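Pasting the structures here.
Two complexes are shown next, each including chain A; its partner changes from chain B in the first to chain C in the second.
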Partner chain A sequence: MRTGSFESMVDAFYIFKKDLIQEFKTRYALNAIILFAVVTLTAVSFSIGVISADDDILCAMFWIILFFSSMSGLSHIFVREEETHTADTLKLVTCPTAVYLGKLLFNFMLLLALEIILVPLYFGLMDFYVRHLPLFLIVLAIGSVGLAGGGTIVAAIIAKASSRGALFTVLSFPVLLPLLISGISATRIAVNARSFTEASAELQTLTAYGVVVITVSILLFEFIWNE
Partner chain B sequence: MQIKAENLRKEYNGRLIFKNINLEIGDRTCIAVTGINGSGKTTLIRILANLVSPTMGKITYQSKGAEISKEKIHQYCSLVSPYLELYQDLTARENLWFLGKLKKVEKLDSKIDRLMNRFGLKGREDEAVKNYSSGMKQRLKYVFALISDPEILFVDEPRSNLDDHGIRTVYEVLEEQKKNKILIMATNEKEDLKYADRIVRIDG
Partner chain C sequence: MLNRILPFFLFIWICLVIIGAFLYAPLAEGLGELTRVLYFHVPTAWVTVLAFLTGAVFSVLYLKSKSIKYDYYAESASQLGFVFCILATITGSIWAKMSWGSFWNWDPRETSVFILLLIYAAYFALRSAVEQEDKKAALSAVYSILAFVTVPFFVFIVPRVYTSLHPDPLVNPEGEIHMDAKMLTVFLSSLAGFTVLFIWMIRIKMNLVLIHLKLKEMEN
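Entry: the complex of A and B
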C-alpha cells in the first residue's frame, strides 16, 4: 500500500515533469537565469581584467554571481502559477508537500543547468583555477540544494505579493546569507588544494543548512500555499 | 459523502462578505448558491472546495462515516469556474494527463478520449490550450473536472462561455452528478436553478 509520503514523492515528480515541459516550451526561467549570469560575468571580467584579483575575491565573486543569477529565475516557478491563475488548479489535484518538492526539484535542476554554463565560463574568463576539483564540485552540489531550498520557499512567499521582482532578492539575501558565507569559505579551501577534512566544518554547515531549510519549508509550506 | 459547514464567515481586508452560513449536504443533492454580484457566491464555493479558509467557522467532510482531512479533500472534489485556469502553454492532452496523474485517475488515456469526445473536443487534444477559444477552454475545464469522477462537483457559473450544444452537455453532466453524488453550483440563471434541490441565497 502506498504511504502518504510516497504519494507526495510521486506527485512531486509529476509536478516537476510538468514544469520541465512548460520550461522547454517557454524557456523563460532558463533564458533569464543564464543571460543574467553571462552578462554579469562578462561585465565583471572586463572590470577586473586589468587588475589581478586574488583567489579570495574570485571565490566571493563566483558565489555572488551564482546568487544574483539564481535570483533572476528561481522565483518564476511560483510567480507563473499565480499570474496565470493555475495555483488553484494545482491545489485541487495534490497536497502542498508534493507542490513544494516538485518545485524544489525543478529549481535544483535549473541551478545545475546554470552551473554547467557558469563554471567553465568563470574558469576561462576569470582565470580561476581550482586545485581540488572534487571538493569544489561537492561544495557546489550541496550549496545548490540549499540555494534551491531557500529560494523555493521565498519564491512561494513573494508570489503572493504585488511587487514580486524586488522582494525576491531582498527577502532571499538574509535567508541565504549563511549558505553564501559557508560556500565562499569552502570554495576558498578547494581553490587552495586543501583536503576534504579541512573543509569539513563548511561542508557540515552547508549540509545542515540544506536539511534545515528544506525540512522547515515542508512544514511551513502548507500555510503559505493555502494563504 | 457529506459536507457540514458551521457558522461560516468571510471577511476581505476587514470588509464582511457573508456570515452565519450553515450547510449540511449529503449524497444525491444539488445545492445552488445564488446572490447578487459581489455577494460572495464564488468565495463560498472556494471555501467549500478548500481553496481558501473562512475567517470564522468550520467545515467537515465525511466519507463512509469517517472524517476526511483537509489535506486529502482534493481527492474527492473538482471545480469548474471561470477564474480557474489550465496551463496555457501545454496541450489539452498534456494538461489532462498531468492533472489526471496527480488525481490518481485509472485508465486515464481512455477517459481523456471519452470525455474529449463527449465535450466536442475530439481532434483538438494536441493543440496548446492558449489557442483554444473561450468556449473550448470552458469545455476543457469540464473534462478536467470530470476525469476523476468526483464525489463533489463544484460549478461556478455552469453556462459561462458555452454555446447551445455545450450547455446541453453540461446539463446532462449536472443531472448525472446529482443522481449519485454531490453537486454545488453558484448561479443566478433560472435554467440552472431547476437542477437544485435547495437554494442558498447570499445577500452579502
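Entry: the complex of A and C
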C-alpha cells in the first residue's frame, strides 16, 4: 500500500479514472441523477404551470432540485463497491485518503454533469433569469464542492449500513443544510444583479463549509473504510 | 456518598430555581410574564449543546480506543440531548408564540434547533439500521462527529448572515448581559442546576451501560 501524500494523490486520480471507466460501462449513476433532475423539474414546472413564480421561490426550488437529484446518485459510488465486493481489493492496494479523494472527484464531476443539463433546462422551463451570471456560476461551483464532500462521506457511511437507499437523504439533509441555506441566499443575490462583495458572506460560508467538511471527511474516512 | 446526597441536593436546588423564577425574579421591561420562560429555555438549550458536545467527545474516544463502552456512552448522551432538545424547542416555541405571534416561523434560531432534532433523529435511525455492534459504533461515531462539525454553521454563521429576531445568546457582541442582579442570580442558578442535572443523569446512564456490559460478559 502506498501512503505518501503524493502517491495518494496519484492513486486518487487512478481511482477516479477507474470509476469513470466503470461508470461509462453502465452509465447507471449518470442516468439516475440526470433523469431524476429532469423528472423533478418537469413535476415542478408542470405544477406551477402558467403562474409565474417569483425569483425568490425559483432560487429555492433550484437548490431543492439539485439537492434531491444529487441524493439519487451520489451514494452509488460506494454502494457499487460493496455490492460487487470490490472494496476489499481497493483496501489492499491503496490508502483510505486516496479512495476518498478519488470518489470525491468522481462525485464532483457527476454533479457538474448534472448542472450542465439542469441549469439550461431550468432557465428555459422556469423563466429563470440570472442577472449576475458569473456570481451564479461561482456559487454553483463552490456549492458543488461542498455538496460532493458531504454527500461522499455520508455515502460511505450508508454503503456500510444495511438499509442503503432509504437513509441517505435522511442522513445527508441535516449535514448539508448550511450549504443549502447559503447557496439559496447567494443565488438570490446573483439573480438580483448585485455585486460579488454583497455575496461575500455567503461565499465565505460556502467555502468554509466545503473546506471543513472535506477535511473532517479525510480524517474520518479511514474509520468507515476499514470497518 | 456523593451519589446519595447529590439527587437530594439537586431536588432542592431545582425547586428553589422554580420558586425563584416565579416569585423572586422581577419581570423584564417590555416582556412581562414572558421573562419567566427564560429561566428554563436557555438552560435546556445549553444542556442540549452540552449533550451534543459530550456525544461527540465520546465518539472521538470510541474511534481512538475502539472500546465499545464509549459507543454506549455516546448513545446515552445523545438520548439525553434529544430530550433536552425537545424541551428547548417547546419552551422556545411558547416564547415565539407570545413574543412574535406564532409558534413557528423559521427564524434562524428555530431552524438551528430543528436541525439538531433532525441530526439526533438521523443518528438514531442510522443506529437502528446497522446490526453488527462494532460497525454500528464506528458508523454512528463518524456521523456524530460529522454532524458536530456542521452545527457551528447553524449556531454561529447562519444567524449572523440572516437577521434573527432571537435575543442574543449568553454572549452578545457587546459582551454584556442585560439583566438585573436578581434575575441574574436566578438565571445562573438555573443554568448551574440544569448542568448538574445533566451530569447526574448521564452518570446514571453510564453506570447502567457498565452493568449491561458486565451482564453480557457474564452471559458469555
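Following the convention adopted for this analysis, the second predicted complex is superposed on the first by the 224 of 227 C-alpha atoms of A that agree within 3 Å, B and C clash if a C-alpha of one lies under 4 Å from a C-alpha of the other, contacts with A are read in each partner's own complex, and residues count from 1 in each chain.
The definition used in the following text is that contacts are C-beta pairs under 8 Å (C-beta built on N, C-alpha and C of every residue); 3 or more make two chains touch, one makes a residue touch a chain.
Fair warning: this is a prediction, and the values are worked out from it, not measured in the lab.
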item	value
Touching partner for A:Val38 - first (chain B), second (chain C), both, neither	neither
Chain A residues touched by each partner, larger count belonging to chain B or chain C	C
Touched partner set for A:Met109, first chain B, second chain C, both or neither	neither
First, second, both or neither for A:Thr94, with chain B first and chain C second	first
First, second, both or neither for A:Ala201, with chain B first and chain C second	second
First (chain B), second (chain C), both or neither touched by A:Thr86	first
Chain B versus chain C as contact partner of A:Leu20, first or second or both or neither	neither
First (chain B), second (chain C), both or neither touched by A:Asp11	first
Chain C-contacting residues of chain A that also contact chain B	none
Chain A contact footprint on chain C (complex, rising order)	63, 111, 115, 118-119, 121-122, 125-126, 129-131, 134-135, 138-139, 141-143, 145-147, 149-150, 153-154, 157-158, 160-162
Residue ranges of chain A in contact with chain B within the complex	11, 14-15, 17-18, 21-22, 25-26, 84-86, 88-89, 91-96, 98, 222, 226
Chain B residues within the chain A interface of the complex	46, 49-53, 71-72, 74, 77-79, 83-90, 94, 98-99, 101-103, 144
Of all residues in chain A, those that touch chain C in their complex	150, 153-154, 157, 160-163, 167, 170-171, 173-175, 177-178, 181-182, 185, 201-202, 205, 208-209, 212-213, 216-217, 220, 223-224, 227
